[in-house]
Each structure stands twice: as structure tokens, then as C-alpha cells.
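Here come two complexes built around chain A, the first alongside chain B, the second alongside chain C.
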Partner chain A sequence: MKEIQRVSPVVFKSTPVKTKTRDNWEVVMEYSEEGDGPFLVDLSHRPRFDLQDSNLAAQKPFGIEIPETPGICVLEKGVLANRMNGTQVSLYNLDSDDTAVMPDESGYTDVTESTMCVALIGKNVFSICEKLTALDFMDPQRKAPFLFQGPFSHVPCQIVTLSKEGDISGLVLTCSRGYGRDMIHSILHAGEEFKLTPAGENRFTNWIKEL
Partner chain B sequence: MMNRFNHLPTLKVDTTQKIAFIYKGKKHYGVKGDTVATALYANGIRIFARSLKYHRPRGLYSLDGECSNTCMEVDGIPNVRCENTLLEDGMVIKEQNVKGSAENDYMSFLDKLDWLMPAGFYYNVMHKPAKIWPIAMKQIRKAAGLGKISPDYEMPGKFDEVFLNTDVCVIGGGPAGMMAALSSAQKGLRVILMESRPWLGGFFEYRSGQYKDRQALHERALFLANEVAAHENIRSFTSTSAVGTYNNNLVTGFQIGKKEDVFDQRYIEIRAKSVVAAAGCIERPLIFDNNERPGVMQIACALRLAKTYGLLPGKKAVFSIGHDLGLEAALELHDLGLAISCVADIREDGHDPELLKKIEDKKIPLLKGWVATKAHGSKLVNKISLASVDGLVSKSFDCDLVVASAGITPVTGHITVAQGTLKYDNHTGCFLPDQMPEKMHAAGRVLGLNDPLSVEASGTLAGLQAAFDCENCSIQEIGEARKALENLPGPVRGTKLVTAPVKGRKSFICFDEDATIKNIKQAIEKGFDVPELIKRFTATGLGPGQGGIPGHNLPLYVAKYQTLPDVSIRPTNVRPPLVPTLISTYAGVNHKMFKITPMDEMQRKDGGIFRNLGVWQRARYFSNDLTCKKEIENVRSNVGMLDGSTLGKFRIHGSDALKALQRVFVSDMSKVKQGRVKYSAMCNDDGCVIDDGVVVKQGENDYYFTTSSGRAGQTVEWIRYHTRYDGWTFALVNLTDSLGVINLSGPNARKVLEKVVDIDISNEAFGYSEYKEFKIQDTVQTRAMRLGFVGELSYELHVPSSYVKAVWLMLNEAGKEFNIKNFGVEAQNVLRMEKCHIILGQESEQRTNLLDLGLGFLWDRNKTEAKTVGAVALRQAENDQTRLKLVGFKTENNTRAPRDGALVVDEKVRGYICTARDSFSLNEAVGMALVEGELSKIGTRLEIYEDECGDDRIYGKVVKMPFYDPEGTRMKM
Partner chain C sequence: MALTITCPICGKRNGYEFKFGGEEKGPRPEEKDLTPEAWCDYVHMNKCVAGVQQEWWFHKDGCGSWFPIYRDTTTNLEQEDQKATNQEGKNDEQV
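== the complex of A and B ==
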């Protein structure tokens, strides 16, 4: 019996130099010639969940207090909870050491397979973004982490800004899995002038530890 | 090549760096910093192009691209505005709108035939007799338009786009704009500054007059530009023209890239909380005979040629001006070596006394109350006639340069496009902002100001007003800034002269469209008494420069000619783009954003021919045979695999999930049994079918359902909308991309699948219309349905997207011995059509209801408590005999199938063909059509009309549906 391998919606042309198999995903930890950033990291293999409840205040997914206001996010214990609206929250497990299992409670759906997920981190991240979206990431009134649900390269996305601090700026972006090919192409194209390169998961893990 | 000044502090060219270019096949040289226009001028080129209608010679006039005088073909691109385009190495420049050359144009005789072409002549003279018009139209269309381009021309270059957010957007990088930017930025706000020239400085930047305390204006400009550059809150965009202003302070523009930029042009879209309009002024053209003859140019054009580009604009000049800037320019150019025969100033008084004294000291003859009346010279100016403004006395001077300007006029397009209004100001003679759009503020010369300190103070005030809009400034601070402005000189008196005392046959009010004063008179005499009507009748202002040249003069002249008591009429509307640019710039990068399925890669490898279908790219064919004969036959006789991943897929769960399903689906969803598949449909409030799909029950209060590919994006909103007042508890999740769908179809489908799965899939264990969940190789969680959309034994496998490739490869391996093949969307379309299974959108349009399609059996009339969407309308439609009905038909005499969309006709249109194909399974052409009720009876003859078929019709006969396997034994086998 052949080993079954899962396929990410994100494909980079760069050459992987370090990989790791996790839950049948072949996760690239490092690519050759990653450069000095900014970086684009594939996180599509990280578990993501949808939680819907008319009384979200009563829910504590993974022990996290869900923010009350839509658009506000919380990053705790490696889990990012993004309040989407009055009844819905999206949960991203960004902790590479933990394969979070979906709580066996009503209201949860595993949506890992529904979306592609990438992190865009490092310097000039928002200069790249403004070539693709009219969303205002640098609005001084928004404190990271915060969630945008809007078009990015014309595609509806969830975008969570985790840092707006110069060289350690960064965000996590998800959109329908099917858009993976074209979304990656448009981000890399927009980032060409800023020397955006694909990077392995290590780059993201180290970055998020700095936050 | 002309000698250049190289010592002036205001120069923007580097005379040590030569740039080669080709003009009319010959190599010429400009210098770094030159525009195409200044490089040509430096090489002695004076006639750049010919005018649109009369083929009159045209040359440098504004140096800011205010008219089409200097539009040329550059590197194969027509209508390039040469005054605004930086010269690049190797550019190939050609004249346009000429027969022969710009110098000797065979069409120039048209200039003498102007009497044949009065205003609106094409409306009047070429319609009687009517047969003349088609001939005339062809000739007019040949002659009309500037530049030539092939319809399949592909625009070269790199185009980019950027979407910016800011607190304050300042349009105009002159002194007022820079002060506005600085005052807003100093309040901690984010500021974007847009300047159309490649540098900041505006009307300070090229002038040597005193600003304050012996500081020259150009030094002040540099100081402010440095301040702006140093401020971290300000983002400056030079070479950037604002082309549109819209509601909620959306500002659009485009930027011309430098050599080191990654773009040649980029579209810019700015969302600001407040906008400052500080685009300054242009000059109001002086109207006299031959006022556009090469050699006649505006004040700033002549001055900037010298001060910015190091080129003396002529040898011997006459000035005919109406503003102190003209005196200042005369002095500066005189000092640079220009011989000035005379300065004719429209004004009798009101001059700056200091300037007057300097004019006198330098012995430059000054005629007060005089104006140019006619420029002489067949191609270039060689003499100018002047007259007193009342026309009583006249004089002539030989010259090669006429610097002419009636005064200044504010650039107000950004205000009026955003629905601000203008009002004629009797003091300045200008149309000044009256009602400003919300959160937009005017500053600088737009307000009629001229004094440098006043201009700056108005910028400071506007910047603070913008900061107030952003809640970062107090009323008190604004009050102080306003007081400071009020203590400075206000707007200066402007000249009122509209035209020189001439008849106006060759006095041009609009250069782009060759419209003269005489044309305006003709239009008024025909009853077109307001500028908006005159604009359309004479084409005045319809050229690429819009209101640049005629904008101010037209309403003034119309008021004067009709002896109106005041100038209550307004300039004509200008519209975006306020500055013309390339359509490619608007297109931007144009990333193609399509969804692909998890099977995309494998299908492409297998030779799939893809098409864009809605948001998806799907494999439509697997060979160049677009009838898909082999694909179809393989499914009918063997086994094929189809990618059905684009189907909408949803999970609905929670205590009220069933209630929500009951609301939107027409069937009684409480009858959905675990392990069974239920097909149903959704209607809108009109009873029209909007979606169909299958529903399965996964567990208690937990359902999984599919929708059509095209509707998947709207389904969540649709269900939420129709349950919004009920307070029901359910979670609804779009899993469309989460699961790939492999459709395994054909009589050998079971044999292939049983090699891959570990469960019993015999017909007894897994029958038709049943649903199972299992794991493949203990790993891949799979939802499987026995369906029969294509009319054969079929399994629809819903597999997590990341595992689809693995499962696809397993099935391919297992199917090798049966020679399993892909089939695409077109083959599926034919297969299901033979079975008369409908596809919404193909067998329906937006007025088609459930009953029209023969799907009334899906509707459960007894679940009234569910308030099913569309049920009320369906009840009303039940007895309506006038509706179209879906019927099956076969063509007569085994003729070919008509095209989809062909009409069913008799004396009138009676319906249309939904889908029809030559069926390989049935060996005849069959199809489905929506026809009027009386044509729906079995045996009715249908007359089918195709586009451009003439009298040839295709005939068909209504037959029973389905065509293929009517008992359904094959899909239940």
C-alpha cells in the first residue's frame, strides 16, 4: 500500500531544502535562497476551524476568551481566534508543535481543507498588500491582531494582521482553496519589487515567537 | 541642436548627458531631463503635428499638455502627450494627423475651406438628399480622430496599480499643496501628496522673483520640497496626475514611472478622509487671429523652456499679456538674452509697480491697454499685429515668438468632478470654487490668490481644515490660520478681455477641435445659447484637453456675445479622466483570478482542455474533438472519471438545521433518511428555480448538501437571509473547496471502485440513491453517493481536497485494466441531456419556475408551516397555462441538432432551445426546449430558427423524455 500524501493548494517554484511529514502533509521547513525577506510562507496544513454559536460569549475554544467585537482577534497558546461577526469565529492553530484536535462540541467544523493559508511576513509587507487591496492595514486605530474580511487581489479573504512593526510586520491570509494558484501568483508578482520570496515554516515559527 | 543654458539654479536637465532619439527616421539628441517636446524644440522642431479638422500647423503652447498640439506617435503609441513624456534613449517619434509631413501637409488646403465647414456642418449639410450621408460619413470618419492604431494592437509596457489609504490627500505639489501637506502631517495625520510634474514646487519652482527676505521663489520651493520629503507622515507621488475625485473622497490618478521603477505607468486609487484641492492655475488663452500658430506660446511655457530646460524660446519676441506673471517673464527672459520688441498689456492699470519700474529700467517698450490681434506667417510666426483693446490703433512687429496670455484660470476639475460648484468672481474674472464638496478644501491659486505668502497661508489653512475633518484639529487653530490668511493680500484683479478686437474666423477657442470664435457665434445664432449645448454643437472642449484651453473663455464669450448682464453661466462639465492616459493603465496588472480544482494538475497532464466557467477553470474536453464522441462512448460502455469538485457543498448543523432546510428547499426535508440521498430544489419568492442539489443526513441535526457550481457563492447568504427573523440556531459552513468530487461513471464503475475501497459496494449493499461514509486505506474520509446524473451506474466520491490527488491516482491505477478515461464537462453535458436531467441556467432562465421544468413532484404542498420560499408563487402558477414548458424533441429527418439558444418560432417567437446535441448513444439529434404550453404536446412539430439561417429552418418533434434508458435501469444496475 502506497503512503498517502496530502497536497497543499500552495505551490512554490523554489527548491525545498528541509521538509517534515506531519499528518500526511509534507511540510517544507526551509527553501533554498530564502533571502532577507519579506517572506511568503505556506500554512495551509495548519488546522483551522469554524465555530458558530448564537451565544459565543459562552464558548471558550481551546480555553481562549473570544473577542467581543467583530474584527478583533486574539492570539493565545498558538491559537488565533478571529471574531468574524455576531455568531461566528474562525480559529487558526499557528503552533507547529501542536496538532490541535477539533473540540468535540456542537458548532465546530474543521475547515482546514476549505482554504489556502499563507503568512506574509517581514519588511514592506504592507507595500505589497497595497498593490493588491484597498484594505487599510496601517490604520493607526487598528491594533494588531485584527481581522479584515475583504477582497485581496479581487478574492474574498480573511486577513489577520499580527504585527505592524516595521521589519517584523506580518499577516496571515486565507481564501478559498481553489484560488491558491492564482493568489500565490499575484502575491509573488506584487512582491517582486520588494524581493518577496517563498520561505519554509521555520521562518514563520521564528517570526511568531518574536511577537 | 540649440545651445542650452547650464548655469541656472532652476534647471531640471543635465546638459552633460545626451540622449539619442529618432525623429522622422533621423537620429537626434536631447539631454537627460528633457521631455519629448523640449528635446524636439531643442533640435529646432517647431511644428509638431497638424490640427484635427483644418490641418493647421501646431507647436508648443502650454508645456503642460493642456491641448493636443503636441500629441505625437512615440514608439508606435499614438497620441502620446509629448510635453509630459520624458525623453528616453532610442525613442522613435513620428508626427501624426499629417499627409506628407507636419511641415508640408497635403491636407492643409482644408484650412482655406473653413467656410464650407461651419459649426455643426455635418448635422446640416450632408443629409439632403439622404443618400449622401453614407458617403459623407465614411469620409468624415476617415478624417476624424487623431493617431492610428490597429484593433489588435498589443500595448507594450509594464502597468501596475496601487490602492492607498490616507487621512489627507493633497492634489497639487505647489506651495499651497506642500503647506497643506505639512500642516496636516504635523497634526500626526497620514498625508498623500500628488503632483503631476516630476518634482514639487508648482509655480514657485521656475521663478526667480522674491519670496521673502531675499529668498527667491525657487529657493523657497526647494526648501518646502525638502521639508515634505523629510516628513515621515507624507508620501509624495510626483509625475502623478489626479484624474478623478468621487464620493467619500475617493481620488484616482496615475503615475508615470521612472526608469528604475517596476512600472511604466501605474493606476493609483486613494481613499482619504479629507482632500485638499491645490492644483493651481493654468493660463487663460488669449484669443486673436492665428493664436495657435507655432511660435505663439503661453507665458509659463516660454519661461519654463528657459528656466527648467535651458532653452531660449525664440530670438525676438513680442509679449501680449494680461497678468504680472507676463511682466516677470519678460524681465527674466530679457535677462537671459531674448530680444523683446514690445510688451502689450491688456491692462491699463493695476500692474505691480516694481515690475513696471524694472521694465522701464530695461527699456522694454510697454503698451498698456493693447493686445495682439493677428499672428502672421504661414507656418511659423514671423510678425504680430497689435491693437489697442478698443481696436482704434494698431502696430506690427517682426518676431519669431509671441508670448500670449489673457490671464490665469484656476484648475477646478477636481472640485467640480466631485460635485463642487463654481461661481464667477467679478474681481479676478475667474470661476472660483463656491460650494465645496464635503470634506474637500481648496487652497492656493485655485482660490484666485497670487501673493506667495497668501498662497502658502491658504495651504496651511486647508491642511488644518482637513485635519479637522479627521478630528485632529481645533476650531481655534483653524480660526487663527484663517486670520493669518486674511491679513495677507487677497486675490488680484484680473483682466476681463475675452477676445482681441477681431472677427474671429481664425481665432481659436479650442485647439483640439479647431473651434473658432466664429463657430461659437454660429452656434449661438442657431439657438444654442449655453456652453453645454455649444460644446456639443461645435465640439469645443471635447478633445483630450477637455476644458484646458476653452474652459474659461467659452462661458465668458457666450455671456459677452449675448450681452448678458452678468456671467451667470458656467464652464462646461469636465469628466474623469481629467488628464488623459492609457487604457492599459486603468487595466493595471489584471491578475486573472480563477479557482482550480484539486484535480487540475492531473487533468492538464491528461490533455484536458480548460475553459473558464464562472469563477472556476474546468476541463471541458479531453481531445480536440469537441463533440466528445469517445468520452461519451467510454462512459456509456465502460467507465469514466469526471471532476465534479466545483459543486457547491455545505454543512448545516444545529438544533434548527432542519427548519432552515425546510424553509429553502421545496421538498419535505424531514423525509431525508440517514443513508439515503434526496434530490431537491430551491426557489426564489417568485417560485423560479434558483438551485438544485442533493441532501444527505450525516447525523442528528447534521446535514450535508450540494448546490450548483454557479450558486455556491451565494448559498450561505441566501439561507441566512431567509431565516433572518426566526432566531433559529444552526451553523452553516461552505465546504465547496474543502472537498473534491470524483464522479466515477459507467457500467464498469463498480469494478474499479471495489478495488480501492474496503466495504461492500454491491448493488444490494450500496444501492441507487444511497449514501455511505467510509475511509479509503484507513485514512481518507470519504462521502460516497450513488447517483445517476449521466444515466449510468455512478459513484460520486466526496474526498478532502488535499487527498483528492491520492484517490484520483488510486482510481486511475485500479481502472487501468478497464482502460478508464477522463471525461469533461461537455461530455457530461451531453450524457445528462440524453437522460433529460436538467442543468439550471441551461434548461432554465431567471423566469423559469419549478413547474415549468416538470419538477413539480419535488414540491411538498403540505409543509405550510415551513413557509417555504417560493411556495406561494408556485400555488399561483399551478394553473397558469401561459407559461413556457420544458419539452424534449428530436429533429426531423435526422438533421443536425440546432444550436443552443436557437429560437422556436412560427409567426412569432414561441420558445427557445436549451440544449441540443447529435447524440452518439441514440444516433440522432435530440434536445430540450422551453416552449409555450400549446407546443408542449407530444408530437408537436417545432420550427427552429438559428441566427443568420435565412429561410432555412430546422424542424423537430416533441417527444417523451428521457431519451436514453427511460426506465433508469442502467443507473440502478
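== the complex of A and C ==
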């Protein structure tokens, strides 16, 4: 039987130097000429789920306590849980060593294939974001990690700011898969003046370990 | 446009992120003895007040929730909770 092939909606023009096949995804670990940052990393292959339940307080997806307030996130055991509203939480597995399987319970939806996911990390990431959205990532009242549900380059997105600390700033952004190509185009265009370059998954893995 | 809207989930945001959902008209009328004229009035007729009205908005670019706010139609500014002009005698026509 032929193996399925899973294709990321994100395509960079840079040349991959190191790739890995994981769970039928072709994952680029490193690109040539990645530079000094900031970096744009494709994470569309990382498993992502939505969980909906009228009593989320009773749920513990992947053993994680779900935050009570919408907009608050927790990053534990490599899984990012983002409270969206009274009944929904989105879950991103950001641990590259682990391929999370969707829990076999009602209420879960696998959104890995239907959404794109990228990380924007390194210096000046919020200067790039300022060119694409009116959302205030530097709001002192918000402590990382926190979730914004709002327009980014006019596209409804979920944006999780993981760090606001200078050179190790970074966020993870997801939106519908169909916007992938244009979203990448607009982010790279906005980041040109800050020397934003595509980077492989290794760059993200090393960055998240520093948090 | 100076309109900002306070979403109960996301907080205060630019009005461009939202879609207008119409005036708040009270509960849907009972179907028993409902005449086509009364239903048509409920669906299509608006008060269009010059003043504060309660209305529905949809956070289309954000969390996707529907919620009511009070807005002064003469200044296009969101108001704190208060009695809206379009709520006075809201059910008069259904009596």
C-alpha cells in the first residue's frame, strides 16, 4: 500500500539543507543562509487540536490544566493550551520529539491539516507584526504566553505570544490553510527591512528550549 | 472610523473587526397565533433611533462570538450599559 503524503501549505523559496520525514510530513530542519534572525519557521506539521466542552474545567488534555480565562495560555510538557472562550481551547504540540495522538474522547477535532502554523522568532518580531496588525503585543497588562484572536494581515488568526523578551521574542500564528501562501508572502515582505529569513525546525526547537 | 467595540472575550477592538448584526428586538415572538404581518414586522422593521440603541455585533475577525452592545448612533460611539432608546416600548407592536 502506498503511504500518504502530507503537504504543508507553507512553501519557502530558500533551499533546504537538512530534511526529515516525520509522520508522513517532509519537515525541513535547516535552510541554507538562515542568517542571524529574526526567523520564520513553518510548524504546520506539528499536531494541533481543538477541544470543545461545556465543562472545560473537568477536562485535562494531555494532563494539562486548562486556563480559566479566555486569552490565557499555558505551555506545559511541550503542549500549548490556549483558552479561546467559555467552551473551547486550542492545543498545539510544539515538542518536536513527540508526535501527539488525538485523545480518543468526544470533543476533540484535529485541525492540523486544515490550518497553517508558523513561528516568528528573534529580534524585532513585534516591529514586523506592527506592520501587519493593529493588535497590541506589547500591552504590559498581558503576560506571555497569551492568545490573540484577531486579524493579522487582514486574516482571522490565532496568535500566541510566547515571549516578549527582546532578542528571544517570539510568537506562534495559525490561520486557515488556504491563506498559507499569501500569509507567508506578506510576513516575509513586511520583514524584509528587518532581515527576516525562513528557518528550519531546529531553530524553533532551540529557541523554545531557552524560554 | 472611530468606532471601537468591546468584545466580551477579546476586549476593546477596532470596529473593522466586527460585523453589524442588527438592532436588539427582544425575544422571538411566539409562533402560536403569529400572523405573517407580525413576523414580517419583527424581522424587517427597525426603529432606527437617533440616540442610544442596543444592537448585536459579530466578532468576525476575532473570536467569532455574537454579543449585544449599546451604541449612540449620533456619535457612533459605544456606550456603557444603559437603557437604550430603542428598548422603550419594544413590544408595543406585538401587543
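Keep in mind that, in the parts below, the second predicted complex is superposed on the first by the 207 of 211 C-alpha atoms of A that agree within 3 Å, B and C clash if a C-alpha of one lies under 4 Å from a C-alpha of the other, contacts with A are read in each partner's own complex, and residues count from 1 in each chain.
Assume a contact is a pair of C-beta atoms (placed from the backbone, for glycine too) under 8 Å apart; a residue touches a chain by one contact, two chains touch by 3 or more.
Keep in mind the model is a prediction, meaning the values are calculated, not measured.
Asker: Quick check on the superposed pair: does A:Trp25 touch chain B, chain C, both, or neither? Answer first, second, both or neither.
Answerer: first
Asker: Check the residue A:Ser14 against both partner chains and state whether it touches chain B (first), chain C (second), both, or neither.
Answerer: In the superposed model, A:Ser14 contacts neither chain B nor chain C.
Asker: Can A:Ala134 be said to touch chain B (first), chain C (second), both, or neither?
Answerer: After superposition on chain A, A:Ala134 lies in contact with both partners, chain B and chain C.
Asker: Using the touch definition from the top, say if A:Met84 reaches chain B (first), chain C (second), both or neither.
Answerer: second
Asker: Just checking: does A:Ser176 make contact with chain B only, chain C only, both, or neither of them? Give me first, second, both or neither.
Answerer: A:Ser176 sits against chain B, while chain C stays out of touch.
Asker: Given the touch rule stated above, what does A:Asp50 touch, chain B (first), chain C (second), both, or neither?
Answerer: first
Asker: Of the partners chain B and chain C, which touch A:Gln5 in the superposed model: first, second, both, neither?
Answerer: Only chain B; A:Gln5 stays clear of chain C.
Asker: Which chain, chain B or chain C, ends up touching more residues of chain A in the combined arrangement?
Answerer: For chain A, the partner with the higher number of touched residues is B.
Asker: Examine A:Gln149 and indicate which partner it touches, taking first as chain B and second as chain C; both and neither are also allowed.
Answerer: second
Asker: Take the contacts of chain A with chain B and those with chain C, and give the residues found in both.
Answerer: 134, 154
Asker: If you look only at chain C, which of its residues touch chain A in the complex?
Answerer: Listed in rising order, the residues are 9-11, 13-14, 16-17, 59-65.
Asker: Using the touch definition up top, name the residues of chain A that touch chain B in the complex.
Answerer: Spelled out, the residues of chain A in touch with chain B are 1, 4-9, 24-25, 50, 52-54, 106-107, 109, 111, 113-115, 130-136, 138-140, 153-155, 176-183, 185-186, 189-190, 192-193.
Asker: Quick check: in the complex, which residue numbers of chain B touch chain A?
Answerer: 160-165, 190, 262, 269, 271, 589, 591-598, 600, 615-616, 651, 653-654, 727, 729, 731-739, 777, 779-780, 800-806
Asker: For chain A, which residues are in contact with chain C within the complex?
Answerer: Residues 70-71, 84-85, 134, 148-151, 154, 156.
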